[in-house]
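Chain naming follows the written order as A, B, C, D and E, and within any one chain the residues start at number 1.
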Amino acid sequence: MSYHCPACNKVSHSSLDLARHMIGRGDKVHRDWIYSKGFKYSELLRLQIQSFGGEGFKALSDVLEAETKVED
Amino acid sequence: MIKDFEYLAPKTLKDALTLLDKYKDEDHKVIAGGQSLLVLMRQGLVAPQYLIDIKGISELSYIKSDAKEGLKIGALTTHRAVEKSPVMKNGYSVLSEMEKRLASVQTRNWGTIGGNICHGDPAGDPAPVLIALNATLKVAGLKAERTVPAEDFTLDYFETALEPGELLVEIQVPSPRPRTGTAYSKFNIIESDMATVSAAVSVTLKSDNKTCDDVRIVLGAAAPTPRRAKKAEAVLRGKEVTDSLLKEAGNVASTEAEPLSDIAASAEYRQELVKVMVARIGREALARAKKA
Amino acid sequence: MSKYSVIGTRVHRVDGVEKVTGTAKYTFDMVLPNMLYGKILRSPHPHAKILSIDTSKAEKLIGVKAVVTGKDTIGKKQGIWRRFPELCDEEILCREKVRYIGDAVAAVAAIDEDTAEEALDLIEVDYEPLPAVFNPMEAITEEAPQIHEGVELNININRHLEWGNVDDAWKDCDHIIEEQYVCSSQAHVCMETHDALASFDHNGKLTIWTSTQAAYYIQVLAADMLGIREGDVRCINPYTGGGFGSKFELDSAQFCAALLSQKIRRPVKIVLNREEEFTATKRRTPMYYFVKLGAKKDGTMLAKEVRVITEGGAYTAMGATALYLTGFFSSFPYKYPNYRYDGYRAYTNTAPTSAMRGFGAPQSTFVGESMIDNLAEDLGIDPIEIRRKNGMTPNYVVPGQAWIQSCGLHECLDAIEKHVKERGKLPPNRGIGVSAYGFMSGGIFNWFDTPYAFSSAIVRINIDGKVDLFTGANEIGQGSNTTLSMICAEALGVKLDDIRIHSADTGICPPDLGAWGSRETLMNGNAVKRAAEDAKNQLIEFAAAKMGINIVYDMDIKDGWIHLVDRPERGVSYYDIVKDAIRGKDGEAIIGRGHYTPHRKGMISPAYSFGVQAAEVEVDPETGRYKLVNVTTAHESGTVINPVGIEGQLEGAIMMAGGYGFCEDQPMDEGKILNPSIADYKLIRALDMPETEILEIDTYEPEGPFGAKEAGEGLTNPTAGAIGNAVYKAAGVRIRHLPITPEKVFRALEAKKKQEK
Amino acid sequence: MKHELKFTLNGQPYEIYIKPKTLLVEVLRDELGFTGTKRGCSSSSCGACTVMLNGASVKSCSILALQANGAEVVTVEGLAKGAELHPLQKAFLDHGAFQCGFCTAGMLMSARGLFEENATPDVMTIKEAIDGNICRCTGYNSIVRALTAVSKGEYKEES
Amino acid sequence: MLLEGKFTLKAPIKEVWDFLLQPGTLVSCIPGAERMEAVDDKTWEGTIKQKVGPISVKLNFTQSFTEADPPKHLKAVGRGSAAGGAGTFSQETTVDLSEIGQGETEVSYTSNVSLVGRLATFGERIMRAKVKSVGEEFTSNLQKKLKEQLG
């Protein structure tokens, strides 16, 4: 199972990892994709910094789980 | 950058007063030790056309005391000379203690007690102590001399009662009455720093050595000027001074303080500190009065 | 008896006599013929567009010789993280926009300082103030103004570190705590402010004398920013009045002096005044910490999750490293099987935050050591015991990050435990707090992108046996000239007095990454040792030939005597052999070369030192005022090369780190630092300094020269945490916001009283 | 207009003409080239500019040079006698009482002022004497140890 | 540094508003104000002299009204500089008027004053004290004048 970044095609092993990658990169391409899913990037980021357990990542990873999974 | 100025260095009081009179309508400043003034001049905030340097007037540097007249300190006496003077042991040791905590040795070696008072900084150390000691300041002009009670000398932040053409020449401290104790301390975070809040308390006991006959409580750095906490004094006057009464006095004094918030402390914290300081220093003054 | 003749002995500093007689020359003291004085005009706005700059009035002032603005530059942005061009974001002389109060916009050279200052007032800058943002939490929102073009949400960089599986590990924890902390800023307050004297000759060659921690960086960065070749720049670092992390980036004094000199071909000297030093040089990074920590009932820590956002200020500077190191050192000095760190650095319209002694680790140690005490209390375990249970041990591998070879943490814990017991039962309102720490001995990652070795040295032996040691290491007060001379003398078998050291002059010394990250002793020490050994081997060859030894013996030099290792009485005088060797080589001087670049030592550093500190405080419960009574430190730094130097580093660190915990801060209002003077910036003075005790623990670091490792910065890490823990023990209140001021303690005591009611 | 300044520096008489705004530290460093005395803050807060004036330590950044007219000034350069170091200097060397050295001249002059007054000061008195001097490197305790050794008579001036 | 407060006046809101918008009003209420002239209907220029102990400062400043919703709301932004380059200052003031009864008006204001340059760095403590006292004096003068004229 692998997850391909919809913005730059980087391959991750879990949707959570991919979410971390996307929020972490945070450049325009990645952010635009995040915005297109109805998230507010800075809100995800704030959540990510201030909450434990990676709430910001988790919110995004749910979408990634559904949309970017590739069966190997 | 210090701007150029014309430098005048009178060697006698008379010459100084003559010069001051001559230049009183001009843009001038008087410098003694200059430990505060030069900082402002270097920042370009003060740029007088004439600078009258009175540091060299040796006749204004003296400490005298006798039982009747009390203590007399020339305005140009250095802090260090006051601190080290054996005369202070005759009932004025609080002055020596205060001086010991004023800035650094180097500053005390050069800076003068009169210069400090004339700077009018509400956080200055000498003023609260002198007010507690009921001191009087002798001010001279070319034509006349007058005296101003120490407590009326500072009018506002860095503003004093000196009129143009006048110089502070002498600090007069009356001989302490029997059974009088005076103490001073300041609260700060770095030992030699300026006061966050300071307090001076002078207590005179009645012959029973318990009841407060008179008291002066002075707050420093807690208002635009050093200020007597008169309501707090009233709490103690005529009563037997106990710990709980001192605490009450502290609480009352705190309501008389009007501190500001700044980077060193908030106004609220300063008010809390006033409570503690007044009670503590009052206790020390009381203990001294009992022994005096 | 020690096996060493020089190492470990109490010697006078090699720069000592010059410093106590006032003859040591600093950049501050230098004067050249025909020299001009420069001053820099700085932005009064935290964020503004520069619409125009009119320098004509200033240029007409009598005595003014040159005025430069951003238009006189080649328009390049600079940065010290050269491997990542997007992180090179600082213009020094701003062309279009200023980003903090203190950003440089113009510079003047005149016949004296007063004239230059007067000229600054005549420069007319038309600004269009822009909305500004000061808090990193606000800077990363969509509503915040953008500080750097193309950097949306002002996120400068982010860092992620992870090993194990934190999410799974929480399930196995019996107890989990979550806390938030705020770490404040701090100013370096070097006694010598930033200064530089730059002199271009008419051939286009530049010499810069400057107070710096890394002459080589200044050479490279200045060349880059001026559009000339590195080889045309010679940077000389005379004696330097302190650095503490503030002096290894190209600063406005160096750049503006060079630019002015380039324009008029006269030497130009710029000395920042104290106010500029506070407002327009870099500072310690304020950090907002969110931490979760979990353990088993017995105190075994299973997982830690750390989230940090740092206040970056206007530019990247070395902030990228601070962000990384605070994440790495948040795991120190414990063995967390599961660990996760996410750090973000946000641009703000404040003075840039960068390197300062400890480099992110004082923050992480304050937070980590406060929390471990809280955890221990919740679990009912002794604070030293819980540290012992989890502490690092020799040959520990931080997964995917670092390989720790020597480690004396447990011996340090034992020593501090003994100390605490000896203090016995304390009077009321007193408490002892303990804090453990570790630090690196120089960094590994080549962010500067240098093709040179990290450290190198050249040893030249003169005909009379005297030795010239050339090193790029920068003596900034920490004592590297003394330590490296000692290493050289020991390795060559000569007296300390035989060494004459030449350091930090890029014209004659080999390149070196400079004095930061506690790298000089280990990295330069290795290079010097190798260079000395190279020279020594050349001498030994001659000695062997001269002695006519017919079998191969191991030979060595000690105390000026070249001898057989097994039969020390058989040998020849070093001084005699030097002459013969040089004659024998057709008069070619004996030159030894050595270099060091760490290999295969993980991501961070080739070695780590450790320690434990106990701070004792006495709290006045009525005011919250507390006094630092005693600070005792058990410390291990491998073989001690220079014992006097280590004492100085340790006690000095307590002054600086105690200040970070106790009183030092840079409060701001709309981006303006409110205490830019030594009168208003509170720091520890002689009367405030606690008594200090040092318990030196023996270790040997295989990677270090003669077994040595760092002893400079790590000591800055523990003190704030130790003070916080001591205040908690003494008064029962936990302060999570540095510095731990009396007012904060007072408020916490009031809140506690209310709660108890 | 320039004014005449006559004073004694490290035992030598000097007579120079200066602008009245010139500070004592500027005369020492810039006019006369005695750069041992440093400036760290220019607001009489750091003590790096400490010199002796008529036997007492003062901060030369906060004194107009003309105020030193007729005075005797001693700077760090006046401590050693030729190659022979002053006891304070020897004690500083032995105890590692300095690192970067920028505060050292001021420290030494504060110490000199102390010992002029009191040949055997205790630790508290020593700390008070150097409290006006900031040292960002040493943490002061090594300086206190050096001065304590002098106070105990471990360093004597060779006559 | 933020100054804020409110007070009530026995005068109709319209009169208070008109009074506030006369340059002469401010000259007479700002301690040390020497001059205040309208450059156009949105901008005023003026000079203020202030003294803190030994320091005397002359500030030249420009005040412009950025929001005006007569007779209720007014926002003004001011910037100025001290003669001799001792520093600059800026301030942003919002004044809100509301009618709280028959012929009675409540005035509430917030003013954010920011000083930069040497003036500001000479002891934050002193300048803060000064700004506060000037602010207090100004509002008390203003109330007095308003009462004299309208009350």
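A few notes on this one:
By our rule, a contact is a pair of C-beta atoms (placed from the backbone, for glycine too) under 8 Å apart; a residue touches a chain by one contact, two chains touch by 3 or more.
From a predicted model like this one, the values you see are computed outputs, not experimental measurements.
Among the remaining chains, those touching chain A as well as chain E are C. Graph distance from chain B to chain E, where chains that touch are one step apart, equals 1. When chain centres are defined as mean Cα coordinates, E lies farthest from chain C. Looking at B-D and A-C, the interface holding more C-beta pairs in contact is that of B-D. Chain C and chain D have Cα centroids lying 30 Å from one another.
Between chain A and chain B the centroid-to-centroid distance comes to 66 Å (mean Cα coordinates, whole Å). Inter-chain spacing, taken between the CA centroids of chain D and chain E, is 50 Å.
Our note on geometry: chain A versus chain D, Cα centroid distance of 64 Å, whole angstroms.
Of all residues in chain A, none touches two or more other chains. Within chain C, residues 674-675, 677, 679-680, 683-685, 687 each touch two or more of the remaining chains.
Shared contact sites, meaning residues of chain B that touch two or more other chains, fall at 191-192, 263. Going by the touch rule set out above, the chain pairs that meet are A-C, B-C, B-D, B-E, C-D, C-E. On the chain E side of its complex with chain B, the touching residues are 52-55, 57, 84-86, 118-119, 121-122, 124-126, 128-130, 132-133. Those residues of chain B that touch chain C in the shared complex are 1, 187, 189-193, 263, 265-266, 269, 272-273, 276.
Across the complex, chain B is touched by residues 1, 3, 19-21, 23, 42-44, 47, 50, 53, 56-59, 62-64, 66-67, 69, 110, 113-114, 128-129, 131-133 of chain D. On the chain E side of its complex with chain C, the touching residues are 1, 84-85, 87-88, 114, 116-117, 120-121, 123-124. Of all residues in chain C, only 113-114, 117-118, 622-623, 625, 662-663, 667, 674-675, 680, 682-685, 687-688, 741-743, 746-747 touch chain B in the complex they form.
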